[in-house]
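Which chain is which? They are A, B, C and D, in the order written, and residues in each are numbered from 1.
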Amino acid sequence: GSDEAEEAGGTESDSTETEDTTETEDTSAETEGDTEEASSEKLVIGFSQVGAESEWRTANTESMKAAITDAGHELKFSDAQQKQENQIKAIRSFIAQKVDAIVFSPVVETGFETVLQEAKDADIPVFLADRSVDIEDDSLWVTFLGSDFVEEGRKAGNWLVDELGDEDEVNIVELQGTVGSAPAIDRKEGFEEIIGDHSNFEITQSQSGDFTRAKGKEVMEAFLKSDGDNIDVLYAHNDDMAIGAIQAIEEYGLKPAEDITIIGVDAVKGAFEAMAAGKMNVTIECNPLFGPQMVDLIEAYKAGEEIPKRVAVEESMYTMDQAEELLPTRQY
Amino acid sequence: MKKLNLDYKQLPLIATIILFIIMYAFGSFRYTGFFSSQVFLNLFIDNAFLIIVAVGMTFVILSGGIDLSVGSVIALTSMIAASLIMNAGLSPWIVIPICLLTGTLIGMGQGALIQYFNLQPFIVTLAGMFLARGLAYVISVETIAINHPFFSYMASGRIPIWGDNFISPSVIIAFVVVVIAVFVAHFTKYGRNVYAIGGNEQSALLMGLPVARTKVMIYTVSGFCASLSGLVFTFYMLSGYGLHANGLELDTIAAVVIGGTLLTGGSGYVAGSVVGVMILGIIQTVIVFEGTLSSWWTKIAIGALLLLFIVLQRVIVIRSKTKKGIISQH
Amino acid sequence: MQNQTPRLAMEGIVKEFPGVKALSDVNFQLFPGEVHALMGENGAGKSTLIKVLTGVYSIDGGTVTLEGNPIHVNSPLEAQELGISTVYQEVNLCTNLSVVENIFIGRQIMKKGRIDWKEMNRQADELLKRLNLNIDVTKLLSSYSVAMQQMIAIARALNVQAKVLILDEPTSSLDRDEVNQLFDVIRNLQKEGLAIVFVSHFLDQIYEISNRITVLRNGEWIGEYMTKDLPRLELVEKMIGKELNELTSISKGKGDEVQTEKRESFMEVENLSKTGNIQPFNLDIHEGEIVGLAGLLGSGRTELARLLFGADKPDTGEIKIKGVKKQLNSPKQAIANRIAFCSEDRKAEGIIPELTIRENMILAMQGTKGWFRFIPKKKQIEIADEYVELLNINPPNPEQLIKNLSGGNQQKVMLARWLITNPELLILDEPTRGIDIGAKTEIMKLMVSLSEKGMSILFVSSELDEVLRTCDKIAVLRDRKKVSEISNKDHKTQHDIMKEMAGGM
Amino acid sequence: MIKSMIKSKLFWPIVVLVLILLFNLFFDRGFFSIEVRGGHLVGSLIDILNRGAPLMLISIGMTLVIATKGIDLGVGSVIAMSGAIGAMSVAGAADDSILPLFTAIGLSVGICVLAGAWNGLLVSRVGVQPIVATLILMVAGRGIAQLITGGQITTVYYEPYSYIGGGYLFLLPFSIFIVAAVFAIAMFLTRKTAIGLFIESVGSNPDASRLSGINSKNIILMVYIFSGFCAAIGGLILSSNVASADGNNAGLWYELDAILAVVIGGTSLMGGRFFLMGTLVGALIIQSLTTTIYSVGVPTEYNLVVKAIVVLIVCLLQSPEFRKRLTGAFGSKKGVKSTKDKGVTLS
């Protein structure tokens, strides 16, 4: 596991530099060194995952599972089926089983105080993966390792401004994720933040495509029907919806990536395939393969090291021209 | 003879309890830490809200109806509570009645549509389900964390029972609801009318029972229970969120039916639904303790365990029925 | 009596259903302390009048006054509150509740804010004893037969302080003993000044209990008469609207007895039993023979019939059809062996409420043909038309939904369903339940003529005179056991059979 | 004539459908226009038919299940399973042979029919209540679908596969022909054979049906199998349309939409009479509503509220009691007459 993640992270060539990325690299480098020493102790780690709602999530689960077992620890895995109540129950059970550490990707940011307090009372350290929690008392968890969805939205916006900033009028349609989900809200927010400063950009239509290909295609079809010739850009909150939309665009008789610029998020394999085929312009990476990084953090914590409250995952952005070359290396 | 007859009516319930005990024993043998009283109490802590909706749903199903809106009403309640407490800064003593009233009114509206326009409960409450969740989104699509001493107390308050074991205030609320519901179901006219309507609505009408009033009341009670459950859920989550309790209506219906209530109405027990909730809870607990199942195997395992329960329950009921035939010969 | 103010008066009552005028300009007066019979053929509008009065249906025209005050009843609940207690034609109780509950629901005895189950059980026991019923009142209603349920429904209606008591065909599946019990109770209530409406197709009962008769025909009011002034024949003529002379002349051609003996056996039953339902019994049914089953309420007649039809699975014994051993494990198998069974519980086991008359009629026949040999619609219509006419079904529209028919007409459709399959053995469990006197005669005649053509018939009826008139042989059941078999050769009387039924007094 | 039209179960659903379509006209003048482009007909109406094909199919199956007083919550998961099986079995196929396509269709239909049979057996032989029996498949089926795809979204590059849900025949989307064929089969089976009569009779009074010699168990088994079959084809269309299989999301909540379509179409959840044509109209209402929400630009957070309101309006329009009150409120002349058939509700 761990070198694979490095590879994915290492391939970034012209990544837009962000403040925490640099910080992250330091931490991961730091923790790397202690791996040998820390792993001598076998830990029982409870990992509560959101669900298996997308292949990004599945890749994340796999990475986490592999990293934990490869490091010689015992894994207790629980899938919350996208329900927060299940996740709370799972954490309670982890506490009852007296695990050594709990890793979890919260379904939503709120509502974990009580159970995290119980974990703290039982002296079990909690590590947040992928999404954070919204709790004032930050002593309830050790650290949060994950992507910044707002930042992903910003990246998408910045790329677009760089690319089409000179045009007079750019009409954007947006395919949102599941209504109310954190990535949908944040990716929208980050994107609008950048676009809002440029009066030549306008989001003309915006609908939820539930993060799925089928819905993405269906909604895009409706967009095209009502105003097909005036769409310049498609911003999809994930690659799957973008891929669905690409099919709709083709069926409508336009050329994706030429007639309509297409931006996706996640950088899943499908997006690379689409980009390699010249049908998609860019995808913002949201890296799920941070299992090894997480295991390192846990071991470092157990070894008594100081851990920063926020650790960012190495992430980048891939454009059409990189796709061909990188496609064979994508694992998910 | 009398005793036998009683047994027969309660058979599905008894079968369910037996199955629960078997499952619990199985878990205790297999997993360390499973056989602890706190794990058992956690079943109640983690499912208090489900018990409360299941109680309301039991009345609906006993009357031959169904209420699909409960999950969404929970979400809406949590959203109203959160936004009023956090954004409007109101006191819980105002917010709680508002929340309860919202759910009750939604329930009453559904009941009135079902009764007075003769619409099918499934569809009316399906529309109610869309509406309540939609309204929750309209309030806000984002989650609102609640940070208020009263709510925090309800969330993390621990009521010690024996030793280190504790329950939460919500468990007490659920317990009170169950006791009241059992009383209502068996010792009040309203409760008996619900059974009669479920048995045969037309007969109930011809026997001069207040069918219209009772039916509207049934959905009102279910709405009330859903909003009360929404509050308990809000204590549990300390947040309001439009996606809360997504799909919970199916869990609730499953719990009620596993608890031995017939979907066609007229037969079942409130207590059965509580056991039904416990069974769903223990299935989850077992799966978490197992801790090795992948996401998809988790789903398959839940399905398989559900199947096991339902089939065993049928087998127990059918076998005892035939046995009873032989006994009653004497 | 006539000078008193009536307790209840209905005037110019009109009720229309889509396409049917069920009541037009009907008048009805009811005085305290009288038993007023409401008479008419099937579909004449008796039940509709009662339903309109008790708020089940809304009234389209006319006025109702109770003790001189005009009333508007919108629901059965309101009717009850006004002191009108009703037993409707179909048993309208909840089979999922216990007997006590069915008697008391809606007016349970409360103590300290809760239902007092103990007291209710006690009172229910007492009440049923008054009707001479000794049953476990805590058992579910569904564990009792239709007849028993009918008694319980009556008990429920009696358990109130009412001003008006309405009984719509309460005796349709009761036998003589029960009827006597009921009449005793009615006479007592009558003395207390209750006003009672009584509907029945049994003329004997009408003449025994009623003081006055109102006759309806086709939803129209024909007249009101003092019972003692109206001879039977005249009553029947008023009901059917034409002269009548051949009414009493049915009986099986008894000259053929010798021939009957010679006929081949159709079904031989040996040691058939089902634990808890019926003890082992033997029975031979010959071709062209009508076998009667007599017995008291709950003696096991229905159970026996169901075993022969494969509706229940027997525990022991075997059935031979035409000398060949057969397994009858399901109705389907029985039907394949040309057996038909018309259940006594029309509502639960007979009609398919959502379907039309035509579809209800051809159902069993289509069942024998399977999924793919569909009877063409044209053929269906032909068949339906034929039987609508033969059995005089009203309304004569095969596309009418069966749930909209009057009780008696539904029963006729059920008969038609089985006649259409042209069975070799026809099992009829209380087939004349709720059927008017004219149709009853027609059905008896039909039975006899079918048997003459070689059809065997097993006839279960609570009316001994019907049994005596038609059957070649009568099997008597007592306490779920076949106790004797009587040949109907040498002019048996009802009394002979009653003796057997009651246990050789 | 007009009276009998209004009485027909189809009348009000069609009115609503037409209203929804007309509503679109306000926002898009060309809503009703259909033109030939790239060798096929395009236009919003065609889109609605095309997009609504899976829902129509599944609702046809659901209609028969509901007519037997049952319900099939498993269809959504069966859709996912079917898509997963179909996509996985053509994953590596070469474009030039169409044999893999038939293997794929055969495999997914076969397995989904088995899934339907499973439901049917649980309901008819074991005697489990339909909602719970099918809930099992609803939960486990999705797991099975994910198991098949390994939790990934499998993309299919095999061209013939895309034809099922994305191809065109005689200018029209191929999926429309599939719906027409399945609908014709269903119509034939239920109206030209005795199956329809038996389904209605079993749904209306199972005991009486048994005593009339109808093997109600087989009828029940059959309808669940048919529902599985419809879901299988619907799943193939959905998966082929996006040329991929998504075990977790494909067909999510389709069961509710299908039930809704059936009820809007006039079939009662209490079993008995069923109306296949009405179901089609119901499915089209739901699809046009969805499309309208997308193209009219309803803010996402209002989607569900709009849907709820439309569903309520459709149901209310179909309720005789409601129409009576409406006419009672608007024309007092009719008010007197309208109290007449109150009795109908009872029986």
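Operating definition for what follows: a residue touches a chain if its C-beta (ideal position, glycine included) is under 8 Å from a C-beta of that chain, and two chains touch if they have at least 3 such contacts.
Chain labels with UniProt names: B = Sugar ABC transporter permease YjfF; D = ABC transporter permease.
This is a predicted model, so every value here is computed, not measured.
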- Note on the structure: Between A-B and A-D, more contacting C-beta pairs sit at A-B
- Take the average of all CA coordinates in subunit A, do the same for subunit D, and state the distance between these two points in whole angstrom. 35
- Where subunit A and subunit C are represented by their mean Cα positions, the distance between them in whole Å: 73
- Message: Report the inter-centroid distance (CA atoms only) between subunit C and subunit D in whole Å.
- Response: 44
- Message: Going by the contact rule already set, what residues in subunit C reach two or more other chains?
- Response: 56
- Message: If I count partner chains per residue in subunit D, which residues reach a count of at least 2?
- Response: 146, 151, 247, 300-301, 303, 346-347
- Message: I need the residues of subunit A touching at least two other chains; which ones are they?
- Response: 51-52, 58, 61, 179
- Item | In contact (per the touch rule at the top): chain pairs | A-B, A-D, B-C, B-D, C-D
- Item | Sites on subunit B touched by subunit C in the complex | 1-2, 5-6, 9, 183, 186-189, 192-193, 195-196, 198-200, 202-210, 212, 266-267, 325-326, 328-329
- subunit B residues touching subunit D in their complex are 113, 116-120, 122-124, 126-131, 133-135, 137-138, 141, 202, 205, 250, 253-254, 257-258, 262-264, 294-304, 306-307, 310-311, 314, 318
- Interface with subunit C, subunit D side, in the complex: residues 192-195, 197-198, 200-201, 203-205, 207-215, 271-273, 339-344, 346-347
- Can you list the residues on subunit C that touch subunit B in the complex? 56, 75-77, 79-81, 86, 88, 92-97, 101, 105-106, 108, 110, 114-115, 136, 138-140, 156, 275-276
- Message: Quick check: in the complex, which residue numbers of subunit B touch subunit A?
- Response: 31-34, 36, 38-39, 42, 45-46, 49, 137, 141-147, 152, 155-156, 233, 236-239, 241-247, 281, 284-285, 287-289, 291-296, 298-299
